[in-house]
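Both complexes shown next keep chain A, but they swap its partner, so chain B is in the first and chain C is in the second.
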Partner chain A sequence: MRIKYDNENKLHRFGRYILISAVSLLVLLYVWWMVSIILGTPAIPAPPRVWDAFIHLLNHGDVVTGYSMWDHIVASLKRFAIAFVIAFAVAVPLGLLIGMSKTLDDFTRPILEVLRPIAPIAWAPVLVFAIDRTWGPILVVFIGIFFPLLTNTVFGVKKIESNLMDASRTLGANKAQTFYKVMFPCTVPYIMNGIKIGLGIGWMCIIAAEMVAPYGGGLGYFISMHAFNGSWPYVFVGIILISILGLLTIGLAERAHKIIAKRTGME
Partner chain B sequence: MNNVTVAVVVGFLIFFSLGTAFIVTSDTGEQSNDPVVSVVAMVNSEGSGIFCDRMLDINDPEGWGGLVFMTPGPGTIQHEMLKSLVFSLGLYFALDRPTKNNWTVYWTQVAPGDMSEYYGKRTMNGGIVWEPWYSAILTKYPEGSIGGAYSVARSAEIEPGHPCCMVVVKNSFMEQNEELVIRFLLAYIEAVEWVNKAKDPGDPGHALLLKIAWETALNKGDPSALPTPGDIATIEQALLGINYDYSLDGIKEYVTSLISRFANSGSITKPVNDPAAFAGMLINDGFLNDVTDSMASLREEYRNTSGAGTIRLGVLANDLHQIAVRAAWGYDITGDGKTLFEVYGLNVVQGGDFQTGGGGVMNLFAGNAIDIGVLGLPPTVIRSANGL
Partner chain C sequence: MSGYIKIDNVRKVFRKDDRDTVAIENISLEIGKNELVSILGPSGCGKTTVLRMIAGLVEPSGGEILVDGNKVTGPGPDRGMVFQDFALFPWRSVWKNVEFGLEVAGMPKAQRDEKVERYLEIVGLTDFADARVHELSGGMKQRVGIARAMVNNPKVVLMDEPFGSLDAQTRNIMQAGLIKILDKTDQTIVFVTHSVDEAVFLSDRIVILTKRPATIKEIINIPWPRPRDRASPEFTALRKRILTELEKENVMN
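Here is the complex of A and B:
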């Protein structure tokens, strides 16, 4: 039986996407396997050894720390989620205000321009030591998410067409109505873009911060501890878990973006 | 299908066929864990201690449950020692977590040099750490004061005579540079003998030993800083708790026991089928025996020579255990205007940065940055068993 590919068929498109993705990942797996053989270093173990380590971790947990795999994942996710909520709560309102007020924009610009280029990871040892090992890593992630979210929000406000604002005022909208009927919906795509960028940076930060402050587990600590012991298959399990969690969180953000855009008519 | 699609499909088929053939014909199974480094001399035994914000009895579980202790991390002898002690008290030992219970002692990893600061913040109850940090904490937070630290036990009370740091040589270097290893050991042994003599406050070398100890362990890189009376008291106290010795007697048996201990704790992840044979390969006492058997003639032969060769050395930061190596490396302890390594014709250079743990020194070996390293026995055993 021969199936003709139909680009208009949703199922066909999905099938094509799955097939290409599977082949792509298979190529990655092959390249990894071959690199591990060619280099012959224990630091790059072959995929079967990493798979065995993953199964062992799933069944017996992390014997060294007494944590299960899920404990480490939850520890990282918890820090990440707290940092994200704080960054969102601070960056979005601040970005909207800066976007609306030229004076505030002028005032905050030098501060932000000085702080923004600093890699959030550079703050890790400082914040961990100056504050504490619970809030230090959270603040590192906060910084990682905060700046892209803020700059995208400000950019979003500035990109609103003045015609839209004028039209809403002409039609009798007050300041509050202009804000939540025009300004906020117009900014949403930019905020969502900032969230997606921030989430990617946030994952890098949480891992680095957990390596600096190994308090209460987490995938960063899991990786650094097993690297210290030369248990490279476990290091790779940690790296793959980070990749999966990163994909999931960014995928969730994209899904939320689509839903919000649809509801606000900004598709 | 158009031509491009056919070409892509054929390309993939060739790639997968060749890749599969390559993978199948290559040995991707468990790599051997024959060590790539050898332990050629001991650096010290004992020299660590447990402190806590309350007095505890190492033979009574009363009061231990729910406490949080700092350790230098899994894979260090200090961590394993505390773990064994907690198990012997009938309690569990787990990584610190938000919800605690009274039948578990919790641990959290902190760099030894940072333990004092963290203890001062009172978020942790105590810790186990090597010298001089153990003495430094007891000096900084006197027992009985508010937030004071109590000495629960020295490591010698928990495991008398336990070995700690070792001189480790990369096998490939050792095979091609036997004479350099012998010269290194001759200088190192002379330094150990000098340190043991200079520990006596009446010895003329005592003041220099205190200076070396302070610069090695307590000064954090400030060239203008001077030791305080508290620093001197800390060093005097710390030196008393460390045994400086180069002998490898009994180390093979100890390594054999360590292997099963680390396999059970999950630090060794590759099976070691014959721990005794592995210990025999890791501990190379041949050089040390040769040197000690013919010490006088070898000293006569190699002393005051020059240009023998260069050795790249990897060491730990702020570790008083390694003071003999530092004394032989950077100070004129013989009074003839040269370091001991120079006296034996060696140009010893630092390979890589100072490391905060033995795993870092093993990484320097793995990255071919050093020929000889000074580090703890446990990371040497774990990393060697895991294939480096």
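Here is the complex of A and C:
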């Protein structure tokens, strides 16, 4: 029996998507497996061993660090969330101000240009030593999220149609009213874009930072402890968890962006 | 309510990259209360600039503009503006767009609601109060723009080619609608257009500008009552005469 593919049919489209995605992931799994066989190094274990490690971790927790798998996940997410909130609270208002004031823009530009190319993780040893093991990694993530969020907010302000500002002023709005009733809503789509990029970078930073400052749980900590012990299947469990959580966070931001775009009538 | 505009010897020079563009060269013009004056002129001659100067969005390089004896130094709700490209707030509903001016003026909610409702009814958009801007047609968008400017009850309404992007039929409907609104209000209207037909149909006076740098070429009085008959001989004759005048200012010559 043959079923003809119909692009208009939602079910068909969904089926096609699932099928192609599944094949794609199977290819990835296959390549991984092959590489592990060809190289024969314990550092790249075959998928079944990683699966066993995962099940063991679920049932018995992490014997090396004494935390459960969920503890590690929550620890990473908590740092990530705190960093995100701080980055948002600083980058968005600052970006709005820089976008509005040419002097502030010219003044902050050299500073930002000098700092921007530095990979956030380069700050990890400094920050962990200078501040502490709790706030050091959080600040690394903050730096990772801060720059894309700031850049996009500034860009958004500069993109505001001058006509909308003019309309607001001829309707009697004063500077402050024009700021929060027109400028801010205008930049929301750009801010959302900055958030999406920032979350991606921030998620990379948190893992790296936890590997530099292995303390208090977290997936980076988990990976670095197991790598140190040579328990490679656990390292791989950690890597896969990072991928899944990263997908979830960014998917969430993606979703929020869509909803906001729809509600604000601006795509 | 008044709305007496005095444009006194106004010049405007735009400076860009160390090059001066003289947009307006010494214009003087008085526009009376409750008058509808159209500004006609070749493309790029400075019509929008005149409106923006009255609005207070652009500062004259010389001379001054007075509204009811007060020098214009910045934008204010006493001078409403209807923009050629609508300039509606896309994150606000139709209702909230119209409400904007009342909201920033701090008017109590009940009063606001009553006013917005009345103006939406005047422009025939009551059923679209909750619609988003991007769901509207061009003509509907411009009606929102008009209601948004009018709801503030400004003394002066500045309209920059408000019907320029509409098809001929919608345009005629909008013109008729505008005349109806004018009957109910007593605002002074300055109306920029490219359409001679529209200017003759609507205006008490037509100001024809020369090509850049713009000066006043001619002012034509039209004392006929509205609504006017486009097919009447005097309408056609006047239209023809203005077209000939404008032809002489053609930038391509």
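We take it that the second predicted complex is superposed on the first by the 255 of 267 C-alpha atoms of A that agree within 3 Å, B and C clash if a C-alpha of one lies under 4 Å from a C-alpha of the other, contacts with A are read in each partner's own complex, and residues count from 1 in each chain.
Rule of thumb we're sticking to: contacts are C-beta pairs under 8 Å (C-beta built on N, C-alpha and C of every residue); 3 or more make two chains touch, one makes a residue touch a chain.
The structure presented is a predicted model; accordingly, all values stated were derived computationally and were not measured.
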| item | value |
| --- | --- |
| First (chain B), second (chain C), both or neither touched by A:Pro117 | neither |
| Which of chain B and chain C A:Val63 touches, first, second, both or neither | first |
| First (chain B), second (chain C), both or neither touched by A:Ser168 | second |
| Greater chain A contact set [chain C / chain B] | B |
| First (chain B), second (chain C), both or neither touched by A:Ser36 | first |
| Overlapping contact positions on chain A, where the chain C interface meets the chain B interface | none |
| Chain A contact footprint on chain B (complex, rising order) | 12, 15-16, 19, 22-23, 26, 28, 30-31, 73-75, 92-98, 108-109, 114, 117-118, 121, 123, 265-269, 357, 359-360, 362, 366, 379, 382-383, 386-388 |
| Touching residues (chain side chain A, partner chain C) in the complex | 161, 163-164, 166-174, 177, 181-182, 185-186, 188, 263-266 |
| Of chain C, residues touching chain A in the complex | 52, 55-57, 74-77, 79-81, 83, 85, 87-92, 100-101, 103-105, 132-134, 148-149, 152, 158 |
| Touching residues (chain side chain A, partner chain B) in the complex | 23, 26-27, 30, 33-34, 36-37, 41-43, 46, 48-49, 53, 62-67, 71, 129, 132-133, 214-217, 221, 225, 227-234 |
